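Let me give you the structure first, and then I'll get to my questions.
Chain IDs A, B, C and D follow the sequence of writing; residue 1 opens each chain.
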């Protein structure tokens, strides 16, 4: 099994390095093919490992070599394939295989074709390190590695100002969270003496609660950055500047879920601190609603999907925070499939529309892009959580968890959000595929994507539909590692009322969205309608003015303070005082050199003056000595 | 009133002060040399007086050496003075300040 | 009336006079040679002088040997005092003279060297300095001092330029004042104690417990005035820059070494017993002198535009630095004084010799004085070896290890540290840093600036000749490889200083 | 011969430099490369023969210099110094080999060889005075490099560099003399041998003073805030090779000296001053990081980033535990490689465009993709991405210091954010966007000579990031010895508790198992 582990881990690295060899050369189709092949081999290995785990083959654990060893610190490159990591590996390799294949078509005309595959495979490698590591330090390697790849890929079109800006924003925001994570690692190390998962978690129950709480808080701060939780969420929407396959892979399916993975992985830790868990859940619920609300009015197709991702991440955190780790992981998996599908579909639309992102400028695309239409609709259905699609099983479960745990406020929020989700998803679908063919006004001739791209997407479509049926198998598998709490609503009546009620609510939202946006009277908004001028709309459209606030109260002051530090403090105070001391010495020399007038008379006068001065001092001292024998002590008291 | 050691010393001190003032005030090189002679000779008076007071010859020996040295000083000094006068036509101290700073 | 004096030659111990007599004889011989055949080449006189000085040096080795065996020797009616200080300082005086006098063998002709009197006076001067250090009798100190000084005034004036006359007059006049101070100081000591021998004075003063402290202080004040002049302590230093500028570079270099070591010996003899008997005032005053001299001279050196004048101020600063040894007054500090001065002699010999070989007959337009900084601009391009050697000397003067003067500074600061003068040690260290600036300035000119347009190629080695180059080479080797010399020097010096009771 | 390998390492380049004067101008490059290669090979031989498991000094040499005063020529290396020596020979090699077209190339190469002598000397010296000699002497070649090949303000910059560090070292010298004096008082023997000094236990108040004296010298060299202002000038004006050597090796002298002198000699003072120094280190990290962000000149960004990283090194050093000190020493190497490489990279573009203003560039990634890639890798290493050399050091330094103070580490940790901000912003300005400046349209990409210098640096910074063990292990062994020494020497209870006792820890752990 170790062989498969190594293949799963290193095939993406090989793929990345191989593609990197051709970064400076023009597009080579085979880089894409080879890269896809290698990623698929990683997928196959992951499947083998999954089967191995499912058959009760036990955890696969390898220690490749020592990484750092000093003092009492010992960090190996250790990798583990257990029930949790194999789930993540499946998600990662599956989605990335699809995205690789898809990208061969999507990036067809791009100059940086080879480079793209190099980055993309590097990302897969980092992600695999992240999920497979058997210790926190290794997780951190992957953690930072995906951050780097995300930076590279968001800024892939580096000639675009907005893309590079977004890339830097994402990297820096993540760094803020990484600091929290790092502090969490330090705490773990100094209190348990190790960074290995098993040993560290084994030691935690004996630690005092305050420390465990701090560890939990700092680790969660780390998770907040990667999973773009409030208030570190702004980068995710901006990250949509990257190529769409990147958004599908990184900013929907894998990297942003790393935070959830971290919390799930640290379940023994978070089990000890339910109050932190509650905070996580509350923040998750807030983010779910908050993000969904912004998605309601947005006019950028990719951003809408990004906000939806954010909202779903909130769901996952609710589950994880309430201790239903397996539920969180399940939703993570299901979400990965339909969200990636949604993004890839959006990619098709963008391709067809020549990178147009405003759905109001589309409409009626269902005719030229039939397959894409079907896929996106089904993905949206799954996202909305309609039975029997994947979203129903995973998302409703989270609602149930909140209900069973008696967090009714959370439950209400999540339920309401589910309605919003359905609305904005179908608002998007309706605007893009239904109604008048508004794109004609802009002289665009849309066409369907390559066939192999669509075929490539099909596994995702399949999984988006059927993933829910794996629930029990999955449950049995992961609960070997995670707390096996089943969330059943005891009263059958309540259960049915809730389920059907939810379905109805969601269904109504969908209908309302269709009614409002699928009709032929939709035009491209020009900022004159009443709704567009309402306060709520403006606030939502401007993302609650948060990016603006950050710009005004963090970015600008930082820049100004930097300049002040440099120009005022460094140059005018620190450096000037150094030069000032030198200047004083030099200036004193310059001023007093007049003493050397060159005139003999003056020189003689100086000499006499010196003697007379000494003489008068002598007289003073002599008199003093005569009248006080203490003078010596006084003078020696001066420290001479 | 008998003239005692202190009178000699006082005379010496007065002469020395006169010499010092002369050294500081004179702008003429020749007069400056005279002032230094006064300084040295004021010391000589004191030496002789103290020597007498102690009944010891050392002080007088010192005075003789001072006289001898004063003489050679004058020789060198006048030599320099003459050369300066030859080249510049004056013996004014204020002309003697080409080097400064 | 007078009793007949009965003295055995044995007790006179005439051997103590031998080292001083040799240069005197040499000087007379030069004068006699000139009587018989005038107008001979300067090289003859240079070589004669060197020979006599080498013999003198040999005689000193003999005295050193005697001292090492028997300790301090008195002679000639107990006027001569051959102790470790006397021997060490004479080594420096004679040794430095041996290497300085061949600097007269320049390729250009200079007025003063054509007179045999120059060399005779030179040797007389050396004898004067030797007397000065080899006695503790104030009369003999005075005589030696004046002999040497009068000869020195003349030597400066013989350079025969307007500036050298001016320098000589200035030096002479102030010297006369200083002589007056010295005699006055001696007079007061004599009045207080009835003696002119320093150890006698010390005994008497200690005997009556410094009852007349006020008068002692007056005496000390005038002594300070006089020696301060000789050692160029601020504010008695005013002659130094002008005299250095006015005299030839070789003479200036000589003046920065030899007269000062003689002065230091006298200062050490006069002041240390006072400091050791707890005259706090003197300690305070010396402290002030040391700090002010070091610092002020450094500041003035910063603003100079002429290298020779800068070196003059730097010499003042170095003198202030070394004066600290007398203030500290431990065996280590006194040894450090000698060590410092030997190493300083090497470096200063080298740097002034470098100036000397770059001496031009006429000053070109871009120079404001003989050795203004921009004369040396871009020297690395035109004569790299000379530039590198000059750079070495500057680094050594700045105290950059491992060059000669670093070891002197190290030992000196260490002596301050060991005696508990922490603040002084810091001030000394920081002054070395200030001094770094003006030495660097020359390095900057030599290595980092472009040569002035139209400067003649050979400007830096205008005056060079084989003997000069050899001397510079010798100084450079000494400067660079000083670390080999340090250990034997320290051992030798310390044993001599210690055995002389300092 | 191999018994004297350290002396050979020190004096071979100096001798070669003197002989170099006789070489014709056209052949001097080959000569320089040959000498530097031999020197580098010798240093590799040193590594090869180095016993990684020993914690003490190896290849010791002793020769009396001024025995009356206790000054001896003592050399030796341990895990702490051996790698910095190798780094210095390596940088000299690639520095000479990649030297661009400059005037007076012969003098440059000779100067670099002299510089090599002083660098090896500093890190191999085990006698305070010998250390001081090389320490000061290293200023001279650097002065010349900045002053003779620098930019318009070169003379100001070089003099400032020289005088500032010179002043600090003189104060340090006074401290050394005091140390020797106290040793003399305690034992009646004059010695400047560091290993002898290690055995001296000083009372706390003396430690405090002596620590301060040494601190002045080291802090200016590092340079620590607020003594850092000479550095931007020096870097700004120095030619590429000067900046490279300065950043890669010369700054490390200061931090190395902290480990070699301050910690083992004054353990109580180290604990006493730990927090104030940590605060300074944090100011260095954050404040200079922000100043770096405000720069318009890309070289100044790298220069200020150097100061910022040196702050992390200081912080790690003053963690006073094995993790922190090992980390800081590793970071010295890491920062040497990375900052050296970044200065090389800045030099590359400066050679082509004769400007370092970021506003003049933009879109270089399109024109010079290889250059952008290498720069990107090095930038990421500088930012401290895991699996690059800097991460190991930074992680361990922060980890170590976290034991001493949570809050301060948290503050210092913001350095990883600040660092990302200025580096990414600079990279964006220079490399991303459209090519707007006509002059940039046809810039040639990296040439062979430049790649020769840069590729090894890239390889090292990744290799040691992935597999730091060969270097970290010897460092760890020597650091453990130092920490144990500090613990044993410490007087105050606070110091005893702050500095871990490794022997007891090990024993108790074994007992627990």
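To be clear about the criterion, a residue touches a chain if its C-beta (ideal position, glycine included) is under 8 Å from a C-beta of that chain, and two chains touch if they have at least 3 such contacts.
As the structure is a computational prediction, the values presented were derived from the model and not from experiment.
Novice: Report the chain closest to the protein's overall CA mean, measuring from each chain's own CA mean.
Specialist: Closest to the centre of all protein C-alpha atoms: chain D.
Novice: Calculate how many whole Å lie between the centre of chain A and the centre of chain C, each centre taken as the average of the chain's C-alpha atoms.
Specialist: For chain A versus chain C, the centre distance works out to 76 Å.
Novice: Go ahead and note the Å separation of the Cα centroids belonging to chain B and chain D.
Specialist: Whole-Å distance between the two chain centres: 66.
Novice: When the centre of a chain is set as the mean of its C-alpha atoms, what distance in Å lies between chain B and chain C?
Specialist: It comes to 26 Å between the two C-alpha centres.
Novice: Nearest whole angstrom, what separates the Cα centre of chain A from the Cα centre of chain D?
Specialist: 35
Novice: Counting only residues that touch at least 2 other chains, which ones in chain C make the list?
Specialist: Chain C, residues with two or more chain partners: 169-170, 173, 177, 241-242, 303, 437.
Novice: Residues of chain B that touch two or more other chains: which are they?
Specialist: Where chain B meets two or more other chains at a single residue, that happens at 23, 96-101.
Novice: Could you check chain A for residues that touch two or more other chains and list them?
Specialist: 582, 593, 596, 598, 600, 604, 608
Novice: Pull out all the chain pairs that touch, please.
Specialist: Pairs flagged as touching, ordered by label: A-B, A-C, A-D, B-C, C-D.
Novice: Quick check on the complex: what are the chain C residues that touch chain B?
Specialist: That would be residues 138-139, 142-143, 146, 150, 153-154, 157, 162-163, 165-170, 172-173, 176-177, 179-180, 183-184, 186-187, 190-191, 194-196, 241-242, 245-246, 303-304, 309 of chain C.
Novice: Applying the document's contact rule, which stretches of chain B touch chain C when the two form their complex?
Specialist: Against chain C, the touching part of chain B is residues 9, 12, 16, 19, 23, 29, 32-33, 36, 39-40, 43, 46-47, 50, 54, 56, 58-59, 61-62, 65-66, 69, 72-73, 76-77, 79-81, 83-84, 87, 96-101.
Novice: Contact residues on chain D for chain C in the complex?
Specialist: 64-69, 107, 129, 132-133, 136-137, 139-140, 143-144, 147-148, 154-155, 158-159, 162-163, 166-167, 170-171, 173-174, 177-178, 180-181, 184
Novice: Could you list, by residue number, the parts of chain C that touch chain A in their complex?
Specialist: Interface residues on the chain C side: 169-170, 173-174, 177-178, 181, 213-215, 217-218, 220-222, 224-225, 228-229, 235-236, 238-239, 241-242, 278, 280-281, 283-285, 287, 296, 298-303, 423, 434, 437.
Novice: Which residues of chain A touch chain C once you look at their complex with the stated criterion?
Specialist: Chain A reaches chain C through residues 582, 585-586, 588-590, 592-593, 595-596, 598, 600, 602-604, 606-611, 614-615, 617-619, 621-623, 625-626, 631-632, 635-636, 638-640.
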